[in-house]
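For reference, chains read A, B, C and D in written order, and residue numbers begin at 1 within each chain.
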Amino acid sequence: MNKQQALALLDDEGYLLDLALWDQELAEALAKVDQFNLTSKHWEVIYIIREFYQEYQLSPAMRPLVKMMANKYGAEKGRSIYLLKLFPQSPPKQAARYAGLPKPLNCL
Amino acid sequence: MPLLCPTGLSPLATEAMKKNILLIFRNPPFANSSNSDTLDIALACSAFELPVSLLFLSDGILQLLNHQQAELLAQKDLRKRLNALAMYDIEDYYVIDQDLIRYQLSVEDLSLACKVITQQQLAALIRQFDTVINL
Amino acid sequence: MTQANPATLHIISKSPTHQQLYRDIANALLDDDAILFIEGGVYACCGTEATALLAATNNIYALSIDAQSRGLANTTPAAITLISDQQFVELCCQYHKTLSWF
Amino acid sequence: MIFSILIYASSNSSQTEQSALRFTRAVLQQGHSIHRVFFYGESVNACSNLIVTPRDETNITEQWLTLASAAKLDMVVCISAAVRRGILDGAEAKRHNKSSANLSEGFQLSGLGQLADAIIMSDRTITFGN
């Protein structure tokens, strides 16, 4: 997928317009366009965030994301520092983009 | 009527931090957007470290009924988002015994683990909060 | 600094037709709380509802402009104090918080 | 004292907007300050610049704007409530690919965090709703 094709699928904040289109391949393609490398550690977060959405119909904010990571992967990964290293812009927003979820509730 | 009003007072930063908030749900599911709107306030307050408690009053308890199938009405199921509250550290929920009795419900019928208070305790509960929002 | 009063100002904007609302309000009241009727709530002044709430608190007010506009200014019982917008603001300052019922 | 106002009126024709406006004026007249006026739920409809009020009726939006510019009020409209009701500013119109924007100048779209902030920063938060 080239940049133009990818952008056509996104709103101008980079979130997927049609959530049903999401699959792993698409996430990788979007990351590539951003020149962002998705490692297995990133994928852990992406899957967690999708799981959260399935269960609660909500893209998580930082606090619940940290909690959910801690529950599933232990205290070391359940810290905001850890998540911020993986997604330096904003873990809830960046991960929601690659996870094909709506932007987290706009709080600020 | 002697009404005196001190002007120009503002909360000290430390005082502001100590504030807590009670959000009241008074409407049944699908009636209007007030329950969903109130829930969104709860999530926003949590992001600001504001301690939040929820009161399901009158028809508000009907929002918590198990076995709802919102998808039949092409609606989002608010209970899924209500269940997320604990993940946002919002775990203080109240219902009134009379409301349970009126609809012949018990706490097992409700999707959140609510504290049941009596009608007489309602006023004292409200007294504990600095801000109450009742949409 | 007179911020000691921990009581609540209940602002009611629906008429007594909303019976369950009025029952909830009655349960939510402590005796040092105050009630302010605004908008359609001022119709409570001409029925027995306000009298029932009077048993719970002595501090009952109605927004004068809302009572006047609805033709109730002269029929409001003496126990209910009609107040201006300015006094509404002063009441909000006097009480620790407001709780709106609609 | 510092006040914030939360408006949750279900229709434009209700008296609620008017009550909130009068209260806001009275707060300012008494030398208090207004930290923020927050429009939520259906009351976001009052913030459209496409509203046409019959000549013999009061245009509440204009009254808010007049008061806001005189008193430098911070008038925030909940962005998610607004967008779902078709109240868009330029940025949202562009983002959602809509042909026009209709948020009256003088109101700002923002998140519910602005309400949480108002609750924290104000001595009193008063809700006007119906």
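Heads up, the rule we're going with is that a residue touches a chain if its C-beta (ideal position, glycine included) is under 8 Å from a C-beta of that chain, and two chains touch if they have at least 3 such contacts.
As the structure is a prediction and not an experimental result, all values here were calculated from the model.
Asks: Looking at B-D and C-D, which one has the bigger number of contacting C-beta pairs?
Replies: Taking the two pairs in turn, the one with more contacts turns out to be B-D.
Asks: List the centre-to-centre spacing of subunit C and subunit D in whole Å, with centres computed as mean CA coordinates.
Replies: Centre separation, subunit C to subunit D: 25 Å.
Asks: With chain centres defined as C-alpha means, what is the inter-centre distance between subunit A and subunit D in Å?
Replies: 33
Asks: Report the inter-chain centroid distance for subunit A and subunit B in whole angstrom, where each centroid is the mean of the CA atoms.
Replies: Comparing mean C-alpha positions, subunit B is 30 Å from subunit A.
Asks: Pull out every residue in subunit D that's touching 2 or more other chains.
Replies: 1, 30, 32, 80, 111-113, 116, 123, 125, 127, 129
Asks: Send over the residues of subunit C in touch with two or more other chains.
Replies: Residue numbers touching two or more other chains: 89-90, 93, 97-98, 100, 102.
Asks: Name the residues of subunit A that each touch 2 or more other chains.
Replies: Residues 105, 107-108 of subunit A touch two or more partner chains.
Asks: Sort the chain contact graph into one of these: line, ring, star, complete or other.
Replies: Chain contacts: none of line, ring, star or complete; other.
Asks: Residues of subunit B touching subunit D in their complex?
Replies: Contact set of subunit B toward subunit D: 5-11, 16-17, 19, 21, 32-34, 37, 40-41, 43-45, 47-48, 50, 131, 133-135.
Asks: Over in the complex, which subunit D residues touch subunit C? Could you list them?
Replies: 1, 3, 15-16, 19, 22-23, 25-27, 29-30, 32, 123-130
Asks: Applying the document's contact rule, which stretches of subunit A touch subunit B when the two form their complex?
Replies: 52, 55-58, 60-64, 67-68, 105, 107-108
Asks: Per the contact definition, I'd like the list of subunit C residues that touch subunit B in the complex.
Replies: Residue list for subunit C touching subunit B: 1-3, 6-8, 20-21, 24, 27-30, 33, 81, 83, 87, 89-91, 93-94, 96-102.
Asks: Sort out for me which residues of subunit C touch subunit D in the complex.
Replies: Touch residues, subunit C against subunit D: 11, 13-14, 38-39, 65-66, 84-86, 88-90, 92-93, 97-98, 100, 102.
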